[in-house]
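Two complexes are shown next, each including subunit A; its partner changes from subunit B in the first to subunit C in the second.
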Partner chain A sequence: MTAIEFALRTDGVGKRYRKGWALRDCTLALPAGGVIALVGPNGAGKTTLLRLVVGLLAPSTGTVEVLGHDVTASTPQTLSRIGFLAQDHPLYKRFTVADLLRFGRACNLRFDQGLAERRLAKLGIPLDRKAGTLSGGQQAQVALALALAKRPDLLVLDEPVASLDPLARHEFLQVLMGAVAEGGVTVLFSSHVVHELERVCDHLIVLNQGRVTLTGDIDTLLTEHRLLVGPRTATELDRADAVVEAVHSDRHTTLLVRDGAIPAAPGWQAQPVSLEDLVLAYLRRPSEQGAAVTPEVTA
Partner chain B sequence: MFVFRLDTHSGVPPYLQLVQQVRQAVLLGFLRPGDRLPLIREVVEDLAINPNTVAKAYRQMEQENLVTGRPGQGTFVDEQQSAAVSPSTYTSLHRGLATWLRRAYAAGLDEQAVNALFASVHQQTRNEDVA
Partner chain C sequence: MTWLIWRQHRTEVCVLGLLVGLFGIALLVLGTQAHDLFPGGPARCAGEAGANEACTSSFRRLDDEYGFVENLLAAFYLVPVVIGAFLGAPLLARELEDGTWQLAWTQAVPRMRWLAAKLAALAGVTVALTGMFTAVLTWFRQPFDAWEGRFQYDAFDLEGLVPLAYALFAFGVATAAGAFLRRSLPAFGVAFGAFLAVRMSVALLARPAYATPLTTTQPVPAGGSKDQAGPVPSFADWTIERGYADAAGRRLSSTEYYELEAAADRAGTNLNQFLHARGVQQFGVYHPADRFWTFQFIETALFVVVAAVLIGVVVWRVRRRMI
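Right, the complex of A and B next:
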């Protein structure tokens, strides 16, 4: 048992590109051993954050600490403990699967080739095929097997299932969750598919316009938030701290509130909120500091 | 071996869905005392679900004495648990409810009205039992 409590810690992290800030004031503390989803619309800064975590980018402000080490120092030892699967699972298309495995072994301090071969055999993916001739789902599986062969302590995946059909997506998540069940790996992945998160993740980060708008343990977040439905109320409520979102119809007001702040007024009903609705409410919420992110920045 | 399902649109937290399925299966006699539940790892790979969620469900079931974990062997339905209703009682209750439902639909109630009526009668009966 290692003494590392947090797989990832960031403090005041910002990243500025030529056109403006892609990420600002990002402070996170993510526990080891969990599955963490990073959610946000396109251009929210998800890829920027992931690239900062794996050391492919250096932050303009703040610090990124992975597994207890500053990532900007990026020693081979630290990097060998981090696995990264970039968007669209890039592979050398003209390499055979066996070549890719040999390449992986040559380039990594830690690489369990036998483990990768067993995983691929189980999935029926032949080692002598060129990567480019495999289906999209199989290519994703090869990329995942390569990343897992490093036996990383932190595995970072950028939109791993976005390009996959539903069946391939399910198979990919089966393997990924199986790897988590074996223990020892913390998974951080980005996604803009919200409805599948609840079965896969236990921790959540919502990123919007370059800022973290919500982060925490999913069970805790769902207990902390309530939907309140009641008679139409004055709009001052919108500005109350605990109110995340207020929707008014002619006679009704629906409030999403945090910390169980339930108005004493009679006629109000409280109901639990689904994870999808919670995430959507925070995505709709304008960033508080009126984020200075230029829309041209693709992240 | 018991097979779990997962409904991602039900609004019920995944771990609770797993607990409810075991509870229900025991109640209906599909799971009997001493039956082994799948390993956490097997559930994870079958449903593509977070292992911590499955572990949480199994912990909760142990706390409710629904199941017993035996280190190195697996998780088993508790010996104390027995089907609360015999299969014949279950069939007769099932039939009675189906008859009632058909009458309700014939009378023009829709699914929502049926659920509301059931919930209200259920609440009322419970209150009477308490009083």
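Right, the complex of A and C next:
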């Protein structure tokens, strides 16, 4: 056992499909515990990264280590520690909910059927209904109950709420966060919606055009970054390595900088930045600047 | 896994089982009546058509009363592809089109174990259903085989071991097509097309060449009509080619034969006498009936090997996580 238990470590991971690279040079180290958000526009490579994490895909380059084990080995022990909820929460539509639970029990080493039944009963989802006849929100809940009944150490969710209406989305997140609060599970989920993340997540990964452009603890990221507002100028851009984004209006220049807390130059005002603005600024950066990734070393 | 496989594929298995059962019972009923036409069993009349009076009348009644069934049996060429492709096409394709592969392969059963269990179970059902049906059909055809032999296309392709190999081949094509196309219905279509193409080209082109055929040559008899072809090759042999050769043994083209026929007409003589006088011989190229099982084994091996290669490709793709 290492001193720091990593839920997920990737080293130089890339994935190439026939059409080209979907993911390149992805190096991450995410501590166990807490909620990690993977943010990026559509087509950024989020699904590819998550499928690599759960072992559905094999990386073209690099290694993926989940909970200290190489995930491509796909041993029953490793698989049983990872829960996965794929995009659009696929289920066997012709199975009844009870059949799905039996499927979970038959295919897992530790499957807490009682837990799943209690969760579903609380949500009022009958066990004798066919999965295909349930509403989208209920199907998502059944899929989540199946994943949670594995009692996973790492739960990976791909756009879990993207296809749900606001009410179902709220209920889903409530159940998910309830499970997190019960402890013991690290949650990694992808989203292209940025708002509300601050409330829910501890950790952030921004993925753009197949590259990780920002990763870190959300609180740390927010203290490291500041908005500097001053007279319209171009001189400040000399420190280009610290400037994430510069926006010029008629009279003012607004810089998003990552400089720790160096005092602002005279005539400049420093402001904290919101998480949403921070993410959007990194998503707007051209991808060749993607090299400015700071490896995550949170203890 | 056993429960899961049954739960996922029970519809196909039940539908196919029902069809095999219904057609099997129909064949058993008709077959019992057809067998009753041969008091000593059909085997005793093998090759006796025209020679033994009782057998000749039995064969005539068989043709009158059950000949139509024999013609319908041609449809059963498709039984192996219906069974094999119906079970093979959804094996991977349905998981891929519904996205449930992501559910199936993130449980604690490693994907290779999952795939091995599915392949073994569904290939097993394919062989079992095709085997039961073929056993009934082979029994049903016994009177017809005694009459016409079992080396012709309408018997060889339906009897013995080859239908099992055809079914495994269809299963392999459908499974592989499903892995590549990711959709069940197109995979079924591809398997159907590939089955017809491969089956036909093998039967027409490859099968006659499994062994060197024998050739018999004999002079055209002076008497009788031209249709009286003589007993060699016998009814049970598989005749590949028949024709006429000149006195030196050179085979005559059809043009040359028609010229001789026209010449006989002009001369106003009986055709056979005319040919006999010129030393024209009849030849037959054939595989003797005792090669039946050799040919069955060769063709079975051929299709099983191709099926194994296709399944190997599927296993390789799943193993490499190319799906």
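Keep this in mind: the second predicted complex is superposed on the first by the 274 of 299 C-alpha atoms of A that agree within 3 Å, B and C clash if a C-alpha of one lies under 4 Å from a C-alpha of the other, contacts with A are read in each partner's own complex, and residues count from 1 in each chain.
By our rule, a residue touches a chain if its C-beta (ideal position, glycine included) is under 8 Å from a C-beta of that chain, and two chains touch if they have at least 3 such contacts.
Please read these numbers as outputs of a predicted model, since none were measured by experiment.
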item: Combined model on subunit A where subunit B meets subunit C, clash or fit; value: fit
item: First, second, both or neither for A:A29, with subunit B first and subunit C second; value: neither
item: Dominant contact partner of subunit A by residue count, subunit C or subunit B; value: C
item: Partner chain(s) touched by A:L91 [first = subunit B, second = subunit C, both, neither]; value: second
item: Touching partner for A:A162 - first (subunit B), second (subunit C), both, neither; value: neither
item: Partner chain in contact with A:L57 - subunit B first, subunit C second, else both or neither; value: second
item: Spatial angle subunit C-subunit A-subunit B, Cα centroids [nearest 10 degrees]; value: 150
item: Subunit B versus subunit C as contact partner of A:S74, first or second or both or neither; value: second
item: First (subunit B), second (subunit C), both or neither touched by A:F103; value: second
item: Where subunit B and subunit C come nearest after superposition, their Cα distance in Å; value: 25
item: Touching both subunit B and subunit C, residues of subunit A; value: none
item: Complex interface listing, subunit B residues touching subunit A; value: 6, 8-9, 11, 13-14, 40-41, 44-53
item: Residues of subunit A defined as touching subunit B within the complex; value: 33-35, 170-171, 173-178, 180-182, 195-196, 198-202, 219, 222, 272, 274
item: For the subunit C and subunit A complex, residues of the former touching the latter; value: 1, 3-4, 7-8, 98-112, 320-321
item: Subunit A - residues contacting subunit C, complex; value: 51, 54-58, 72, 74-77, 79-80, 82-84, 86-88, 90-93, 95, 99, 102-104, 106-109, 143, 146, 150
